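Two complexes are shown next, each including subunit A; its partner changes from subunit B in the first to subunit C in the second.
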Partner chain A sequence: MNEYDNPWLHRLKWTYLLLVVLTLMIPVLYVMYISFNANGFGANDYVFTLEWYGLILSDEILIGALRWTLTLAVVVTLIAVPMALLAAKYYKTADKKLFVVFLLLAPLFVPPDILGSALLVSFKNLNAVFIWLGDGLGTSLFDSWFRLSFMTAAIGLIIYTLPYSFVVILITMGRYRKEQTEAARACGANGWRAFWDIEFPQIRAGVFSACAFTVILVFNEYTRTSLLKGGFDTFTTVLISQMLNTGMSPQSYAMSALISFVAIAVIGSIILITLIRAETLARIARGKPEPVTP
Partner chain B sequence: MASTTSNSVGGQTNVRSVRPVLRERLAPWAFRAPLIFMVIFFAIPMAMTVVFSVFERTMFWMEPGFTLQAYENFFFSARLTNFLNSMKYSLISVVICFILGFPIAVFVRKSIPLVAQHRVVLLFILPFMVSEIIRVFALRPVLQRNGLLNTTLTNLGIIDEPITALLYTHTGVVIGEVMSFLPFIIFSGFLAMEAVPKFIFEVCDDLGVGPWRRFKDVILPLAAPGIFAGSVFIFVNGLGVALLPNILGGAGAVNAGLIATQAISALDFPLAMAVSAIMMATLMTLLWIGHKLFDLTKILTPLS
Partner chain C sequence: MNEQTAAAVEVRNLSKSYGNFVALKNVNVTIAAGEYFVLLGPSGGGKTTLLRTIGGFQKPTSGEILLHGKSVGHLPPDKRPTTMVFQAYALFPHMNVMQNVGYGLKVAGLPKAQIAEKVDHALQQVGLTQFENRKPHELSGGQQQRVQLARAIVLDRDILLLDEPLAALDAQLRKDMCLELKHLQEKVGITFIHVTHNQEEAMTVADRIALIASGDLVEVGRARDIYRAPEKSFTAGFVGENNILKGEALEVTGTTATVDVAGSKLRIDTRGLSVEKGQALTLSIRSECVGLEQVNGDAPASDGMSIVGAYNESVYLGLTTSHLVRLPDGTEMVSRIIADTEAALPPAGAAVRLHWKPDDIRLHVQ
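Moving on to the complex of A and B:
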């Protein structure tokens, strides 16, 4: 706040800001509230229970779906985040920045159903082409490369999560000064050592945030996964098909709440860690003399 | 050339085996790998939608050929009306998001200390990171006839009869779009406001310029690229996210995403591809217009 501002107006604006956050969160909080009610939605009396959560954890289909979701999340993170890191490093030195950034950020602007449909039809056609190719060569080696499977779902999700990781990593890289890499190289370190020992520790926070984002995005995603997956179900696809077919049951409230709890826990801890780290760094910085800037 | 510099800079001569040379040759390609991946699995499939859209429809799939049947199906049916309608409601959502969200971005940039700004914006990551599907579904128990909003308003004595227009109508879809995409206008507005230095507010105050003129003549032109990018994002997603009309909309609430997914369920793949191609054309046209008007590369300044 600066001295021109009216303190009451300032407080009013803060209230508005927090009110907007609260409004955005209310549906989710309400679902969480309902999920603990033994009588479900719309009942007159509220009886606290963990029964619905117990039902989820004893449902084998759901546990299987949860396992698929986690596997998908881990695989996509392990591929997409290093790719985003490579892309960010490439972007920093690229000549045609516009092309690079357009290609990497465009998936953000393509709606899920459109991306999903386009990839679905492409994969089906690619699969047909590969089978035709295999038939021509007299081999069945290519037959199942692009059949809808875990891999096709993973590819779709990598395209979806890569832009987010790319932006997060690029923002943290903005604070890194490349003279440090030059210094390391001048001291005889090879490219990898200079990256791993000097640059990576400084962008680690961004890379970890990108990992957390990717895990959450994959965990939350429904449309792309459901269009591109093979014969398996993820947590959200089970949930949404239940909701669309039979409406909201107490169990679906509990499942929705569970997904939200996971996301909030992960993001909440990132925000907390960031705040604590910023505090510690500020405390350390206060004890040091001002750095010399060129 | 690379080997001579690294030898002389290190001040030592090292014996080079074949492996490091090979590695140095491969390394530049490793950095290009993400781009190659995106070209193969994103750019080409999106471009191929145009080709697939003119293929002939067969019973369960499609076969190469040239027919404009899919476009005819789209342009000479209720689909076009639905599409244009969803454009209208999507535009309304963009305007509401802007009115509700952009002042927050300005407030954060103007009145909150630099170190705290990112933390305040992080607050909006929280609702954004809860699955969009869950947030959209969660609107049902809130907006329903006997939902949270209606019961609260009735208990407070503000209304006598529950409002039923909130769900399974176009209003429901607009509410869903605003609730889903509001964080985006705040993020993009926040990035856009990077182009508006803080002292501009003080200069305006010193010159006695009122808030409206300051917004119209100073902030808006400077922050236009970011605002435009955020608005295009919301507009296109309002057109393309099938679940919004599917879950919150009633009769006639059909957007491009829903037409595409319904076509896929009906095994009419060329139609789905035609809708995708039309959506991509809409998106590209909007981005091109935006680029001509405001030079969208300006948004990237904080990134490079």
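Moving on to the complex of A and C:
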């Protein structure tokens, strides 16, 4: 706080910040709360239980959806993040940056249902073309290439997540000086070695953040996934389908709460470790004398 | 420099263009092994482009580069017998000093014990043995540049390229580091090619200097020759504080030309240059070679080694004082004198005579 600031204004800012956090977190906290209720959602009586958590593993639909979503998240992350990294590296050296950034960010500005429908039509047409090609060649080898499947959902999600990864990586890359790559090359490192030894450690935080962001986006996504595969496969589509058709089961609340717990714990740990590391480094630096000129 | 020494670097007919912009025009230069060679010139003149092309960071548009007699135009930086020190920001921030200096050796696959030994030796050479565990941000600017130097010399390469290595340092530190660089080069005995726009820095370290401007290699020579006897008028204008005078040849007798400058007839050695009567000429004379005395009347001097003008003002510079004199044609001449007296100066507008020795003034035909 600035010494000239009004202390009440300072407190007001903190109160505002807490209110924002609470507004964001209340729905999540509420789901956590009811996941421990033996009587389920909407019941008048609240009886604490861990039963629903125990039953998660026996809910095959939920576990299947979770497995499907995790696989999708891993595949999309493994493809989208390296693509975004390459794109960001190209962007840094490109002459016509505006054109490149427009192309890469374009999917962000297309509404999800329009992008999903466009891809759906494209895949259906491609599928028809491939079947026709296979028929012409007398083989059924091409019949299932673009049938709505894991692959079509993955392609849709790669298109969706790549711009986000690109932006996140680009932000951390902004601080990187190309002189360091040139210095590494002057020391005898080839292009890959210079990237891996010198550039990657400095943009690692951005790459890992892009990975985390991609996983979260895949878990959250409904429209594109349901259009490109169907409404009963990923965790989100299963939850929404359940809610629309039969209402959410207590296990679903427990699973949602569990995922929220894990996400909060992971992100909280990262923040905590970062803060502790920064403090440790600052303490070490304070212990050393000031640089002597020259 | 030993004239018989084999060339470490040969640049032949080198040109480099970026679209319509020509950064280097048909440059030819030879640098001997073990020489401290400086590329000097104004910003944007092409000296860094030449250095980076030698280092393999830029491809020439045409021409050839030979390092120790072998053409290297097709080789990337890591395959050339060169290494480089950059202006700034080139230390690896996530590595400490020891790791920075040992990086090239690690890439080369040397055993850890050997790396540690070589790094220790390199740090001793640059006087940084106490700093091996520090990160770059915990070092001063001068120390960071020393780490870069250690990182380069530890590789035992034959040619060290330095791209304005002292530009980010303050004036005093730059002076100190200049001498250290010179001593280091003498100690390690490899070829140093150093880019700078600072002539004092160039004079301090260079065996030879190449002046580069607008993509052209203007002049190459020993530091003393470049300063005292510039061949080209551009060199005279860029190096030192030269008075550049425009005139017209009135008469040529043997090796002496009489040149009309602002109404005065100056006699000058043609240095074997072809001069014809009526030809427009440029003369240069260093300001510290110009003496000043007050005269009565403003009649043109007739000895051929002086010129009369109106005293304008003086600028006290500590060690020297510059006296500014306006010639009848409006040209301003400077006489720089080592004097720190409070003696009375000529009043503004007073007639003064500027004079010099015959060998101090030089003729340029371009």
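What we mean here is this: the second predicted complex is superposed on the first by the 253 of 294 C-alpha atoms of A that agree within 3 Å, B and C clash if a C-alpha of one lies under 4 Å from a C-alpha of the other, contacts with A are read in each partner's own complex, and residues count from 1 in each chain.
Simple rule for what comes next: a residue touches a chain if its C-beta (ideal position, glycine included) is under 8 Å from a C-beta of that chain, and two chains touch if they have at least 3 such contacts.
Computed from a predicted model, the values in this text were never measured in an experiment.
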item	value
Which of subunit B and subunit C A:Tyr222 touches, first, second, both or neither	first
Residue contacts with subunit A in the superposition, subunit B compared against subunit C	B
Contacts of A:Leu70 with subunit B and subunit C, given as first, second, both or neither	neither
Contacts of A:Ile198 with subunit B and subunit C, given as first, second, both or neither	second
Partner chain(s) touched by A:Gly188 [first = subunit B, second = subunit C, both, neither]	both
Which superposed partner A:Ile26 touches (first subunit B, second subunit C, both, neither)	first
Contacts of A:Gln180 with subunit B and subunit C, given as first, second, both or neither	second
Touching both subunit C and subunit B, counted on subunit A across the two superposed complexes	185-186, 188, 191
Residues on subunit A engaged by subunit B in the complex (per definition of touch)	1-2, 4-5, 10, 13, 16-17, 20-21, 23-28, 30-31, 34, 41-42, 83-84, 86-87, 89-92, 97-98, 100-101, 103-104, 106-122, 124-125, 155, 158-159, 162, 167, 170-171, 174, 185-186, 188, 191, 213, 216, 219-223, 227, 236, 239-240, 243-244, 248, 256, 259-260, 263-264, 266-268, 271, 274-275, 278
Complex contact set, residues of subunit A against subunit C	177, 179-180, 182-191, 193, 197-198, 201-202, 285, 288, 291-294
Residues of subunit C that touch subunit A when the two form their complex	55-57, 76-78, 82-84, 86-94, 103-104, 107-108, 134, 138-143, 146, 148, 151-152, 155, 161, 169, 173, 176-177
Contact footprint of subunit A on subunit B as seen in their complex	6, 9-12, 27, 30-35, 37-39, 41-46, 48-49, 52, 61, 100-101, 103-104, 107-108, 111-112, 115, 119-120, 122-127, 129-135, 137-142, 146, 148, 179, 182-183, 201-202, 205, 232-233, 236-237, 239-243, 246, 256-258, 260-261, 264, 269, 272-273, 275-276, 279-280, 283, 287, 297, 300, 302-304
